[in-house]
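First comes the structure, then the notes that go with it.
By written order: A, B, C and D. Residues from 1 in each chain.
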Amino acid sequence: MPIQGVRTVTTARNGVGAFILQCKQLDFHYCDWAGSSRGMVSYLKHQLPAFAKANPQIEIRVSPRPNKHPVIRGLFINGREKVICVRNLEPGAIIKKVNLLKEASGEKLKRTTKPVTSINESVRGIWSPYHGGIKSV
Amino acid sequence: MRPSLRLLNLEVPSLQGPRALYVCSGCRQEARPRPIVARQFLRHASNADSLSERVRRKIWGTDNPPGVEDPYGGQGALERKFKNQQAQKQEQAPEPAPVEDLPLVDDSYEPATTWKGLERIGHLDRWNDAPRTEVDTYESFSLKKKIYKKGPLNLAAHQTAVEICMMHALDKPLLSICSVAEHEKPVFKMIWKCKIQPNGTWDKALEYPNQEAEKSLVYIFEQIGGQPAAPVAEEAAAEQTEEDTEALELVDFNEPVSQTPIAPFFGYQDARDPGCLTLPLTDADTKFAFLKRFSQLTGHYFPDPVIHQISTVQQAVAYVQGELKPKPKKLAEHLAENEGLQGMPNVKIFGKRRTTLHKDDEMGRKKIIEAELRARGLL
Amino acid sequence: MKRLQLQRWSGSVLSAQARTGGRLQQRLYYAIRHQSTASPAAPAGNDQLVKKQPQAPSISSPHSQKSRYRLPSPPVEAARESAKLAALHARLYLPSRLPLETLARSLVHPSADPNPNFNNESLATLGHDLLTYYASEHLICSYPRLPLTVIFAAMYAYVGPKTLAAMAREWGVESVAAPGGEVDPGYLQFQRLAPGTDVNPETITGTERPHDDEPTWRKSVTSRVVYDNEYGDPVKGPVDPSELAERDAQTSQGVTVEEANASFVSAVMGSIYLHAGRPAAKRFFEQHFLSRHLNISDLFNFSQPARDLARLCARENFEAPVARIVSETGRKSRSPVFVVGIYSGQDKLGEGAGASLLEAHFRAAVAALKGWYLYNPLDVRVPSSMEEEGAAPWKPVHVDLGEVIV
Amino acid sequence: MASCLVASKRPLLALPFFLSSPCESVVLDLRRNQSSYRRTTQRLRVKPDASFGSSLIHTQEDHIIHNPPSSAPSVYLTPSKFLPSNDVRKNLRTAPANSNNSEELPPVVRAPSEKKYHLTPSDIREIRRLRATDPMTWSRLKLAKRFECSPMFISLVCETSPQKKEIQKRVLEAVQSRWGSKRRMAREDRQLRREAWGRDQ
């Protein structure tokens, strides 16, 4: 029987070719009345246009959520979402939180033990005792 | 009538017919006529054959156990008062009914101003059954509906200024003008045609379009100031000036056919000359009279600090218009104006809270849900 | 001159073109909708005679929210309001010459909106041809000796429907619950299958292949090049227009999410080609498709490698392959390891380790054959690179017998 | 008491580094810790491996050290023999320094049996006749021994009669029916492993 082909799917390497930002949507919720939204309101008035211009790939929705603390909700491509409550925060701190959401990947935070994780095979191959001139012990 | 009793007689008629009045289960439960036996426990503690009394007799083994007959100090002051009130009510109740309803307002009726000599004050807890009398109808001092458009506001300012000038000219008490709720159409037309010289003084600034207008206006305002029954004289003066004003029919007099009774300011859209805006409101009582009359005509209320600031008619009108366009309190309106954000395609500003209903609508799920509900007859 | 000529050609493709008059009249009366700026109908391959179709009367009917419910897909002007669509456009670094309306159109699957002027069927067809063309030329030029079945598998891996569906998900494209005029144009719109329908592909009958109905006849690999599609699957014969309506009814019955996603990705490729020209399309292909990881050596599945290797050496008149034990350990133990190398004369062709001599020999033969098949010449140039101006003179790609035919 | 405990913790004597290697591991824990720069760099100086050809003259000019990794070669590195002639890497790869000639090649797994091509058409007809007349006695192995050829060649020449195949199939089923679940699973795993060979997993 001739050689058969095995059907697989190529795996994505985000960033090798084009880089797709993982955060795809940011919802800003604020309350017109509450004092805890003061920082958020001034952020939305002054800082948001610059952020939106710098990141055209993020869909930004601003909607009031009365009688609740101001919240930023980040939806990510893997379907998860991260929500940060920015009550009583200054616009400067809110900028940091928004950047935190923008740069997050949506996955849960995991401790990485190895400096490099890669799917490329190593150049010199996996060591095996049977190759490379066996030394006389 | 104690609430539960009233419920009872409401209950009785409604039991037979379809239950017109919905009574919640709690009240129904409480209003249910209880059997006599059950009533016994409700008896007051100090009653002779109450439960605790029988128990005390059993404990002491004799018929009259020692100790005070009513350990709780006998009938309290309230009970005694309540008791004799009940007694009083009993002999009062059989009196004839006519005493009950209030005497009609006859002419000799003259409202009392002090407590002295009144045998009864207020209603004896039957007040809310009396039918509404015309005394109760409330008529607010100023217009019911506030005026927001620019034109009628100027009209009101002009009319007030003219009236105050007339009052000054005839040196009548300024506030009496407020008793005239509304002028007749021809009178109003003449006021509308009057001019006010810019930054003149109150008594000289007024200019009449012509002699007759001046004479008739003076005559009318003469009436207002003097007799109390101003409206009656009003009509007399109105007919008298009726025939000569017809002659002055102006071509641009737009007589809108308004099916509502009388459009405010008889359908006029705007004041003819803005002269009145420059009149000074420095003198206290003219200012007060002007503002009172102005708020009566436009329905806008002037808070005291604002009255303190106002020094000319212009500022008064500006203040009212200031209220016309309140600065956008909501952030959504603020952002909507921000042209930086409008230009960006990836930003969406919503005025209201986004619920899952909106999300379903965007996903196309809402129409399915509604279709299913309609299929089940729930929508 | 060439660029001008290309503009004119793609311009003509862009204009609306009635494929079959009958269907269009039937479309016109029920929804007067002015279509998007670009509505290419002719697939890139066959340039049919392009008839100037009377432009649908584009009364700019203001689509209030209520009237949108009746439309099968969101109106064209909705694309400008959708933030999701603009975000998707920026996320894929799409050229600015590609308008949002075309991106919105490539999100509408024919099952959601059968009107060819408003769905992505034509764009997807063009995009699919481009994808398969670029992928196949890349594979064949960089691995000239690949066996045909492995090329089919690699094509399936690079531009197959499963990969395109995965890419659409990685681009953050969500799909609607049900298509309609009121949905956000940023969603992928298609008619979903009724729950419980059987999705695995049934055997396709009625293909163009002669004697297709003979079950016992062998389908040789080379015949698959002629009669089957790019992945070696049998392809349905052309459907004559008479039962086109029946096919329409069939599509309105719903498609899988995977198929819809795949049609979207090819439609994006097609629309980039049409709006931004070929260099942009090629750059998009390299950025998004070639940058994905595929280990070609995993695609092989040998059944008799030793025999194939012997045939190969005989054909290339090398010395006959001889299996030699390079090293071994634990021959008597319960977990021995033998390392067998296959030598043709002095040179070692391949090496394999196994728990038994037979396995080691088998794996060594597999390694040797892969050594042959996975030959990758240096600085490979694909033929389509000649289409750019100022391309260096063409140097022929390495071609040789390649696959061992047993 | 406490003092001697402390003493024993510290190594008794600072052994010089140049002890011969065999006993080095013994005293490893006794060695002084590398508290000074000199001791650290001294320990890091490692002599080059013998395979580097560490003759002194080499160190001056540039030379390539060929140090093959001790791992299985990757299939993406095409063997020199398979490289086409016009490939630039063909002549770059000089023969490896110690090209082991034929006797140094590793031993053969199975001596290649050279083919004798001694059978004539009449022998072929004979084989087919024997096979057809009495399939039970004339199995492939017997015929191969009789005509000195490989059983594989016999199967190329002729097929057994259908009855024999039927008998053999039934025998096989009888044997397999005796298998328990564990043995059957072990056999299935073995079959899966063989298939995995083909996919080089």
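Everything below uses one rule, namely that contacts are C-beta pairs under 8 Å (C-beta built on N, C-alpha and C of every residue); 3 or more make two chains touch, one makes a residue touch a chain.
Computed from a predicted model, the values in this text were never measured in an experiment.
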Contact counts by the stated rule: is the higher one at C-D or A-C?
A-C
Per-chain Cα centre nearest the global Cα centre, belonging to chain:
A
Subunit C-subunit D separation of Cα centroids, rounded to whole Å:
40
Gap in Å, rounded to a whole number, between the CA centres of subunit C and subunit A:
29
Chain-centre distance (mean CA atoms) for subunit B and subunit D, in whole Å, is 102
The distance between the C-alpha centres of subunit A and subunit D, rounded to whole Å, is 46
Taking each residue of subunit B in turn, which ones touch at least two of the other chains?
345-348
Would you give the residues of subunit C that are in contact with at least 2 other chains, written as numbers and ranges?
83, 86-87, 90, 298, 300-303, 326-327, 353
Contacts with 2+ other chains: residues of subunit A:
6, 56-61, 128-129, 131
Name the shape of the chain contact graph, picking from line, ring, star, complete and other.
other
Per the contact definition, I'd like the list of subunit B residues that touch subunit A in the complex.
329-332, 334-335, 338, 340-341, 344-354
So, in the complex, the side of subunit A touching subunit B is made of residues 27, 30, 32, 41, 44-45, 48-49, 52-53, 55-66
Under the touch definition given earlier, write down the residues of subunit C that touch subunit D in their complex.
297-298, 300-303, 305, 318, 320, 322-327, 340-341, 343-354, 357, 359, 361-363, 366-368, 370-372, 374-378, 398, 400
Residues of subunit B that touch subunit C when the two form their complex
345-348, 360-365, 367-368
Within the complex, which stretch of subunit A touches subunit C?
1-14, 16-18, 20-21, 24-25, 56-61, 77, 119, 128-131, 134
